[in-house]
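Handing you a structure now.
Chain nomenclature is as follows: A, B, C, D, E and F, assigned in order of appearance, with residue numbering initiated at 1 for each chain independently.
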Amino acid sequence: MRPIKRVEIITDALEIERVAQLLEQHGVTGYTIIRDVIGKGERGIRRGDELSGVFKNSYLLTTCEPEQLPAIVEAVRLILQQRGGVCLVSDAMWVKH
Amino acid sequence: MRPIKRVEIITDALEIERVAQLLEQHGVTGYTIIRDVIGKGERGIRRGDELSGVFKNSYLLTTCEPEQLPAIVEAVRLILQQRGGVCLVSDAMWVKH
Amino acid sequence: MRPIKRVEIITDALEIERVAQLLEQHGVTGYTIIRDVIGKGERGIRRGDELSGVFKNSYLLTTCEPEQLPAIVEAVRLILQQRGGVCLVSDAMWVKH
Amino acid sequence: MSLDLILANLLNPAVLFFVLGLVAVLVHSDLELPAPIPKALSLYLLLAIGFKGGVALRENNGDAALPVLGAALLMSVVVPLYVFPLLRLRLRVPDAAAVAATYGSVSAVTFVTASAFLQRANISYGGYMVAALALMETPAIAVGVVLARIAQRDHAEGFDLKALVHESLFNGSVLLLVGSLLIGYIVGSEGGSALKPFTEALFPGLLSLFLLDMGLVVGRRLRELRQLGAFPIVSALLLPLLNAALGLGIAYALRLAVGDALLFVVLCASASYIAVPAAMRQALPQANPALYVGMALAITFPLNVILGIPFYLSAIRALWG
Amino acid sequence: MSLDLILANLLNPAVLFFVLGLVAVLVHSDLELPAPIPKALSLYLLLAIGFKGGVALRENNGDAALPVLGAALLMSVVVPLYVFPLLRLRLRVPDAAAVAATYGSVSAVTFVTASAFLQRANISYGGYMVAALALMETPAIAVGVVLARIAQRDHAEGFDLKALVHESLFNGSVLLLVGSLLIGYIVGSEGGSALKPFTEALFPGLLSLFLLDMGLVVGRRLRELRQLGAFPIVSALLLPLLNAALGLGIAYALRLAVGDALLFVVLCASASYIAVPAAMRQALPQANPALYVGMALAITFPLNVILGIPFYLSAIRALWG
Amino acid sequence: MSLDLILANLLNPAVLFFVLGLVAVLVHSDLELPAPIPKALSLYLLLAIGFKGGVALRENNGDAALPVLGAALLMSVVVPLYVFPLLRLRLRVPDAAAVAATYGSVSAVTFVTASAFLQRANISYGGYMVAALALMETPAIAVGVVLARIAQRDHAEGFDLKALVHESLFNGSVLLLVGSLLIGYIVGSEGGSALKPFTEALFPGLLSLFLLDMGLVVGRRLRELRQLGAFPIVSALLLPLLNAALGLGIAYALRLAVGDALLFVVLCASASYIAVPAAMRQALPQANPALYVGMALAITFPLNVILGIPFYLSAIRALWG
């Protein structure tokens, strides 16, 4: 096991593909997406009950090296400012395999 | 980025709305819910395969300030005692935006 | 609240039942599964859009005592080597109830 | 004679698909209907049966309706009252109360399978039987909860009657059933003809698909049932028979037509595994859902669907003469 | 007279299921159609209406098509142009532009409900009306975005015209609608007969189910609408009437047949809550979706579906004489 | 002549919807069928085709069945035996074995499209062809795995034959297909008539919807295919032709009727992308699913569905004279 940064991002379902692309541009090699999560935040309730996808979130989990973190956080921050959502960073151990 | 408490709660799908309301009463401003997760715990397997919603869980992720934590934990504990489930608290960094 | 290890495993949807069984053999008493998550990793994109389940992941969250961790990590590592996926371990506090 | 009917029932494709689901679990197949297809099918069944019932109610002479509706309401209140003390022989108060409510309430899918059985046998029944189904879904919940409160001398916690009544009248399945019944009644046979391909032509097929899923669910539950011990299993076998017998007596006393009588008896014999568990989870969280859902779903449901329906019909035929 | 039509419209089971959905929210029922059933139903409706339209287009004499298609295109460009300055009285630039696009575009489900209404009233309409529906879905998006750019004198950011055109032509619902239209046209009535049980016989039933869900969504949105203030609510009531009146004038000038005229007016009066929000989220992220979706969905949609359709028809009948 | 048939096949709406799916990916549209609708459709197709086949089997004179069933079993064992050494020219052992199993097994949707093609052309076929489909789904899996074990001289790990047989007989799709076949056989044409609107009238529509999704999936895979290199692509084009040719010879030798012959050839030519990948993931985890699924799905499937079916039919007509 070795230490790694665990990054989770929740934002507009319509935006999540773009977030993933952005992460790849910053050298992230793997991520997991949970589509169609719901929630509440500054922009009100998102119940996921409309067909436009505008009121639905997606959840993305990824990991990065500590030195990659600042650039990633900066890039994600821009998207969150425009489209809403949150980004949490925590410490984890990566099980090597 | 600033430190924040990351709280995740897994409980009965029928109960999750009440948990969300409770959190809001304790000053939480945002949360994310993943409906229809399955699992196993003290109360046995929940495969999500019945129509009553009784054997199905939901997952809720939220954040709070360290000083909000004790009150929130106390409130959640009561629900978990009645309806089952778990609550995990960890440290995270919130990406300001 | 007491400290606990938070373990999350993402792997092939077809494999997740076996991971759960393995965890139980190692003394884990509870876990939560999110079926049908998608993602990208060393083995390419998994969009979840095929019917075989081969290109779809599942996410499993569980907790264990620090002393259980090494055995669990060892067991999970073997599966990940064969079928792909990731395992992250982090520290959390368990809300007793 | 009864065997003939059992065979006739087994030749219903829907029942055979139920058996296929059971077999799939037995042989550890990975066959499954992905969520939320079963939920969607269950909503469809309620909508279709409600709508059809409403249209029929409009066409029908409704005179026969009142006695059977009264009897339905009565049974849903009375059944928990005598089931509760019986169960108290072995079960804790909250469990006994939840099981009592479960058996006082009804299973829409059992009803629907019985009505498909009647249709195949060319026996008619009144549209108001759907109203009886709706009527019996929830009163037992209130009775069960009140029983538990009284037995626990638990008046302190402030019994939330309002929430209970609300849940009873407006829970999703009751509302959809009653709403579709009203819509069917309003638009009548002519106005509703455009919906027929959806509500009628598709019905046997979608019921088969749903019963396939029920077979899978029941199969999984059956495996876990042993852990509950003998008492719940035996109760889940005897309670439907007891309730069916009582229902049979009432149907006889009211001289119901054969089709109506069968549906009424099936309602009495069936147990709820959708509305009641959802409500009990709120009102009696101390009760063990594995117990009351397991009894209703894993034993009483297949008993009624496979053997009960033809058996009750042959009893009715024997009595009515 | 208009009241008769309103009643006739209300006897459409689909409309009644919409009302049932509204009622369910009103009484705080837990009734819901689980995701992704509503999305699947919406894809079905587009496929079915497109396919049916294509087959009809092939059979029809297409002479009547060109004027109405021209008018449709015109309206989807013009509507945002006059709606935008009206809304600027009270709304911020991005919000005004997004709402303008919303009302320039159309609602396929409103169209479909109107065509079901016509069918029940035995009034025929041209298959090319489906082409008009497709044609009106997206130009308003481009107009709205351009309006916002001009008003904000915002040329710096590099207006991504290519992305916008792409989104307009190839977004999922437009592509499915146009694709099904083409397929229907290619295979024609004979080649398409095998699909009829799916695209036609099932249509009223699945539309009812979808409208039940729409009722639930609209009901929930209605609750949250108060927070938006009076101006959006009043606008959402008046804009469809204004657009309908203009559409009526054009339909009259073009001497459209009654059925075509109603559908054209309904297209003008309706507002988009699928294609436009998805596009605006990309192109005008500063606009508040709760505003433009709320107006289109919670007010304009039920207004059109419950009162508008019969009202527009009686206006057409009065004018056409 | 063959061109006429290709055109006739392309006028099948289901095939056109497949093309629409391809186009949607090509133009980067966001059109998609949300999970789990495709899975549900795939279960429906298996249920419907099985049930229909069972009913037909009951009605039919089954004499023609035995030779074709024997041939089907034979082909599913023989195909991997000669495909494996061919592929070993360039592929690693586990990949070659997995691809060999893929081509020995079959694609139910290709079969279903071919049977829809026959129906449109008024060519009849035996209900036992569905049994042939079921029979060919899984033996190739066992053959592929055994081949890999032998080639790797890998006897140490303890070849789990029992798990393999179990997986082969009881995997979800096989069980549903065989179960529905049996149910259809048991209830027969009269008992099964109530299911007809579901299993038959809806079939072309739901197949179209499913093929739309297949078009989307295939389109996405096509994009990623280049990474696999030329050998797999060429193989995925030639293997179905090779297997079809062999199938054609056998069909000719057995003097199968035209309809049966086409379905048999299509079974031989088609490759599995549901049952085999799921099983290989367990039995040969070292094999690369992007390779074997990509070949079966992105190349062989569209080749068969668009060109193969009419081409095989014209070959049969030419030979049978």
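Odds and ends about this structure:
Simple rule for what comes next: a residue touches a chain if its C-beta (ideal position, glycine included) is under 8 Å from a C-beta of that chain, and two chains touch if they have at least 3 such contacts.
Since the model is a prediction, treat every value here as computed from it, not as a measurement.
Listed by label, the chains that touch chain D and also chain E are F. With every chain reduced to the mean of its CA atoms, the largest distance from chain D is reached by A.
Between A-E and E-F, more contacting C-beta pairs join the chains of E-F. Taking each chain's centre as the average of its CA atoms, chain A and chain B sit 19 Å apart.
Centre-to-centre separation between chain C and chain F, using Cα means, comes to 34 Å. Between chain C and chain D the centroid-to-centroid distance comes to 39 Å (mean Cα coordinates, whole Å). Multi-chain contact residues of chain B (touching two or more other chains): 34, 90-91. Under the contact definition stated at the top, the residues of chain E that touch 2 or more other chains are 32, 35-36, 39, 197, 201-202, 278. Shown are all chain pairs that touch, namely A-B, A-C, A-E, B-C, B-D, C-F, D-E, D-F, E-F. For chain B in complex with chain C, the touching residues are 10, 34, 37-42, 57, 59, 73, 76-77, 80-81, 86-91.
For chain A in complex with chain C, the residues that touch the partner chain are 1, 4, 6, 20, 24, 29-35, 61, 63, 90-97. Considering their complex, residues 11-13, 16-17, 20, 23-24, 27-35, 37, 116, 120, 197, 201-202, 204-206, 208-209, 212 of chain F touch chain E. Note for the complex: chain F touches chain C at residues 32, 35-36, 38-39, 42, 216-217, 220, 224, 273-278, 281-282, 285, 289-290, 293, 297. Contacts from chain B toward chain D in the complex involve residues 12, 14-15, 36, 43-45, 47-55, 82-83.
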